[in-house]
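Okay, handing you the structure first.
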Amino acid sequence: MLNVIVTDPPRADLAEVDKLAGYGVATVHEAIGRSGYLGPQLRPNQQGTRIAGTALTVLCWPGDNLMIHAAVEQARPGDIIVITTTSPNGDGAFGELLATSLVSRGVRGLVMGAGLRDTQELRDMGFPAWTAHVSAQGTVKETPGSVNVPVTLGGQLIRPGDAIVADDDGVVVVPAAWAEKTLAAARAREANEGDKRAKLASGVLGLDMYKMREPLEKAGLKYID
Amino acid sequence: MLNVIVTDPPRADLAEVDKLAGYGVATVHEAIGRSGYLGPQLRPNQQGTRIAGTALTVLCWPGDNLMIHAAVEQARPGDIIVITTTSPNGDGAFGELLATSLVSRGVRGLVMGAGLRDTQELRDMGFPAWTAHVSAQGTVKETPGSVNVPVTLGGQLIRPGDAIVADDDGVVVVPAAWAEKTLAAARAREANEGDKRAKLASGVLGLDMYKMREPLEKAGLKYID
Amino acid sequence: MLNVIVTDPPRADLAEVDKLAGYGVATVHEAIGRSGYLGPQLRPNQQGTRIAGTALTVLCWPGDNLMIHAAVEQARPGDIIVITTTSPNGDGAFGELLATSLVSRGVRGLVMGAGLRDTQELRDMGFPAWTAHVSAQGTVKETPGSVNVPVTLGGQLIRPGDAIVADDDGVVVVPAAWAEKTLAAARAREANEGDKRAKLASGVLGLDMYKMREPLEKAGLKYID
Amino acid sequence: MLNVIVTDPPRADLAEVDKLAGYGVATVHEAIGRSGYLGPQLRPNQQGTRIAGTALTVLCWPGDNLMIHAAVEQARPGDIIVITTTSPNGDGAFGELLATSLVSRGVRGLVMGAGLRDTQELRDMGFPAWTAHVSAQGTVKETPGSVNVPVTLGGQLIRPGDAIVADDDGVVVVPAAWAEKTLAAARAREANEGDKRAKLASGVLGLDMYKMREPLEKAGLKYID
Amino acid sequence: MLNVIVTDPPRADLAEVDKLAGYGVATVHEAIGRSGYLGPQLRPNQQGTRIAGTALTVLCWPGDNLMIHAAVEQARPGDIIVITTTSPNGDGAFGELLATSLVSRGVRGLVMGAGLRDTQELRDMGFPAWTAHVSAQGTVKETPGSVNVPVTLGGQLIRPGDAIVADDDGVVVVPAAWAEKTLAAARAREANEGDKRAKLASGVLGLDMYKMREPLEKAGLKYID
Amino acid sequence: MLNVIVTDPPRADLAEVDKLAGYGVATVHEAIGRSGYLGPQLRPNQQGTRIAGTALTVLCWPGDNLMIHAAVEQARPGDIIVITTTSPNGDGAFGELLATSLVSRGVRGLVMGAGLRDTQELRDMGFPAWTAHVSAQGTVKETPGSVNVPVTLGGQLIRPGDAIVADDDGVVVVPAAWAEKTLAAARAREANEGDKRAKLASGVLGLDMYKMREPLEKAGLKYID
């Protein structure tokens, strides 16, 4: 494995990515065919924030944040930095100073498999983060990794430039080439949901709305007094 | 295992259940003889809410929320829906649309071993939830399970109609037949605690109040300067 | 293992400990040479609180809070009670009554490997706590342990009287004898960080500020268009 | 919760239970409608052993094996002792001396949510055990619990006298009243499996044998070169 | 996400793959630049077996083994079946009958993120398996997924046809296009290791052999009597 | 934290340590007052081996085995190498080459919080190991730590030169100064156990032998037909 920094990979269209931020993670995940969710271990450091952006990917060694420093130079406005490690590690690889540096380059937030520190300071400065760990444990800056290569996080493949959407439910990745059709599907889904919501609120049953009674009966379900 | 829906099981007396909501989970757990706690993995989706209600139980297959839809029809005002899966699963089986449907039938909240999504929306609409997981991962609607059968969750047996109390400390189940005596015991305990609290606040030591000095000495405890 | 209570162990200088509270856990951890962090499993029960104090250590048996009661008598103003168990256990060993008792003796907060209950009441009364578990599960008061002996928690050795600092990033222990030099190092670090922060905010890259370009090149890192 | 010992609960018919031992855990689990499996956390202390017996249930406090001693007197030949704790605990509650005592009363093995010690000695004496933990950590004998009451373990309800089957795949519980019909279903399933095995070994595809091609096509599955 | 079966993807050269089986997982992992390891959660069901083969990938829904049946038809001699699920799930998706079917088509073994059952039967028939879980819990056959698409398992991307090597240390994936150069690097590494082993066995220190004394001194390491 | 290597710390008397190997981990743990057990996460790489030795302690950075190489030079015949990391890490820091080097210096085995690789080779060469993880994931050799300083592992403090006993139940540490009295207590305990074993095998109940009937009755235990 050669250690590389890819300097300007193609990114999803930012205008479309911005529109994706209008839809929640659950909706976008359904819109791309129930895929792309980065799993429940990525928890928000704040409550009530939803963002979207393009992935600036970083691959670090465990307990080593050298490549995050190297990645800052590659950041473009609209990016979300996505950091993973070559093996599972929860040490505090990211804090307020790195966030300050990224904000100066227009980065919108952080998604990371490692540990976050300065959690209160990051909330105070309004830099949103979704991470698998919170930890004050310090890291070294010794071993090179890569920037803007494909990485996996939470069982998903993330390519540099892919669209990322994050909110209180977690994080979802949308392949850059799918951004447009995902947006269309999310719009359609949300329109449809408004109608469903009104029906359900009025007392219509999902059993009837989704026509589930017949398949349940066929599957042998019995009602007992 | 036959898949069944029991249509109108007896429930704990709702007037008594409502009074149980005046006591915290820890107090109720102690009042029924230090039992019934559903364990630390069930975490609240909101902060500072305490509810009580009668259990509407649902047994689903992993990654499948079909039976939650079927359960809505069985809901009665005052119910808390209690959802578990036939094997451990954290997928996002429950979100805002199901909550909307349940609210229209008077359901007070959710207790679930699976994953919650639309977490911010649920906080916004004031639908309280205690779940073992948060996840946007979508589920299918394919395999029947059961509604209003006894289930286990967090090492406790929960029968349909049992009383459920939930707050920031977690969730406790009170067998329907014990609701009255539990209420009496909780009252007695809380009265007693007020007295203890005042003594402890004034500097009286638990060592003296609980008469622990003698047993500690008998057990061989030594004081060393 | 003899069960003992050490009645008045030497403590870190409280004036210095108070000053340590001006620095975050991450800063203090770095200031003592990147050590002393009690790990990510100790999570705060509240948000935005930072405290420092001297360790009042307690060693309990699993599911048994007898020694916490015995420890109250040993508390001195400025202490933080640090509770661990002889084997891993998450039961709810600590709640509002014990907190009331400790507050009356000037204790500033709780750090505990076991479970916390009455979480909302503790937030209401302003008693800060960092614990590995939240649980309403009750404990017994049967088996003696020790008070003010060295304990381990989160992979760290904590001696009675050591300085403890805790905030939203977790908890760090500073050996009592190191309090003064740690304070000096934290001061120096924070001064230095202010300078770095300003540079990074203005767009200076960490790659340049930390002089990382040459070692990265030596390590074989390649840039690819 | 009253602490009780039920002295001679009804048990599943031992002749039928003995016959169940001829079928593996996976087969029995399927035969009772895909239920009763105690989950993957119960691992065998030995390899290649399969047993069946009637459940002698024990409920202990964490880190306390008092009730296992009390349970020995209730043991009958053909029993399997099933031990759980009121909250999760992995301490070494069971070892060679307790096994010696149980063997003298005809007990066939151990299923336990807590920790096992003397693991090599137990293998040497041929006493089979399935436990969630291995631990040398000692326990106390202080707090009473119950014997021969319903318990939950691995998400299953186990009543005293239920049939237990255990092998390298784990442990399954069969309600005492279902032993006969489960045996019949297991026999039918195994006969059927022999036929399937021969077909599959000869190259027949499950796709054809289970008639899956049509539903897969209907569900929209596509084949791509 | 369209559900697809790719019918005959290119595979790594089987002659080279066969030679890779002569090297252990740790050696191959180092030979491809310290990458490709599928992580510690994949444990062998047997001891002392090492295999290599080409990946036949399968993506299933949790608790559903429908696509494993569909994958059998796509198996070619020399394949290792690699099964993952759309969200984490440990249910017993694979047992003896599926193994029988795969053996009839020349498949060499199993790598799976889900649960294994019939563990003893699989050892008896000599079908090697590496899985994240052991479980007798049955699965349904309801929801389509995909066969021979890229999947992630243990943080690695696995493409159909990639080379897989597995032994008691776990599992490593080698991209199909890298098989030849990986083989060369593994050979070189092993030759080198024989030489090192002899030196170390004779008492030469790694400190000297790897020339570590100088960098350690530079890094400030002190020797203390 | 200064990085240091302590070159020849005092060790427990090897003649006494050798005698400790005649007693199991569970017995030694009880003999020192139910303390010193390193917990269930340290699992043996082999079955049926029991060793004792003196601790050669190593503190590494996560994903970095540099200090293990530095520790070899400090090894003395009779040592057991005890390796921990500054934060939790399961990477494969130790394999066959390091074992070869240690064997040449008379080291008896390995106890480690990180990951083991070459597991089959280590079994073949008869080098026993107890580790928290098995992993082929490679480590770097970059960051200095310490050798022969006090470390914590599994919640226990281990000083260089302490006695270590390990078998299939796990690992226990005995402070060097306690070796002699621990040996005496283990002898007494084992003698006593032989007597108990004979009684229990003959059908005497623990309830009577340990005189538990009266305290159980006092605690309110009821017998129910």
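A, B, C, D, E and F label the chains in the order they appear, each numbered from 1.
As a convention for this text, a contact is a pair of C-beta atoms (placed from the backbone, for glycine too) under 8 Å apart; a residue touches a chain by one contact, two chains touch by 3 or more.
Please read all numbers here as calculations on a predicted model, not as lab measurements.
Note on connectivity: the fewest steps through touching chains from chain E to chain F is 1.
Any chain bridging chain B and chain D, meaning touching each of them, is among C, E; the list is complete.
When the CA atoms of chain A are superposed on chain E, the rotation angle comes to 180 degrees, reported as a multiple of 5.
If you average the Cα atoms of chain D and of chain F, the two centres end up 31 Å apart.
Annotation: 42 Å between the Cα-based centres of chain C and chain D. Averaging C-alpha coordinates per chain places the centre of chain C 28 Å away from that of chain F. Annotation: 41 Å between the Cα-based centres of chain C and chain E.
Multi-chain contact residues of chain E, defined as those touching 2 or more other chains: 2, 34, 37, 39, 86-88, 90, 135, 137, 143.
Every pair of chains in contact is given here: A-B, A-C, A-E, A-F, B-C, B-D, B-E, C-D, C-F, D-E, D-F, E-F.
On the chain E side of its complex with chain B, the touching residues are 61-64, 86-91, 135, 137, 140, 142-143.
Only residues 24-26, 29-30, 34, 37, 39-40, 43, 47-48, 167-170, 172, 193, 196-197, 200-203, 205-207, 210, 212, 216, 219-225 of chain C touch chain A when the two sit together in their complex. Across the interface of their complex, chain D is touched by residues 2-8, 66, 69-70, 72-73, 90, 92, 95-98, 100-101, 103-105, 115, 117-121, 133-138, 141, 143-144 of chain E.
The touching residues of chain C, counted against chain F in their complex, run 1-2, 32-35, 37, 39, 84, 86-88, 150, 152, 155-157.
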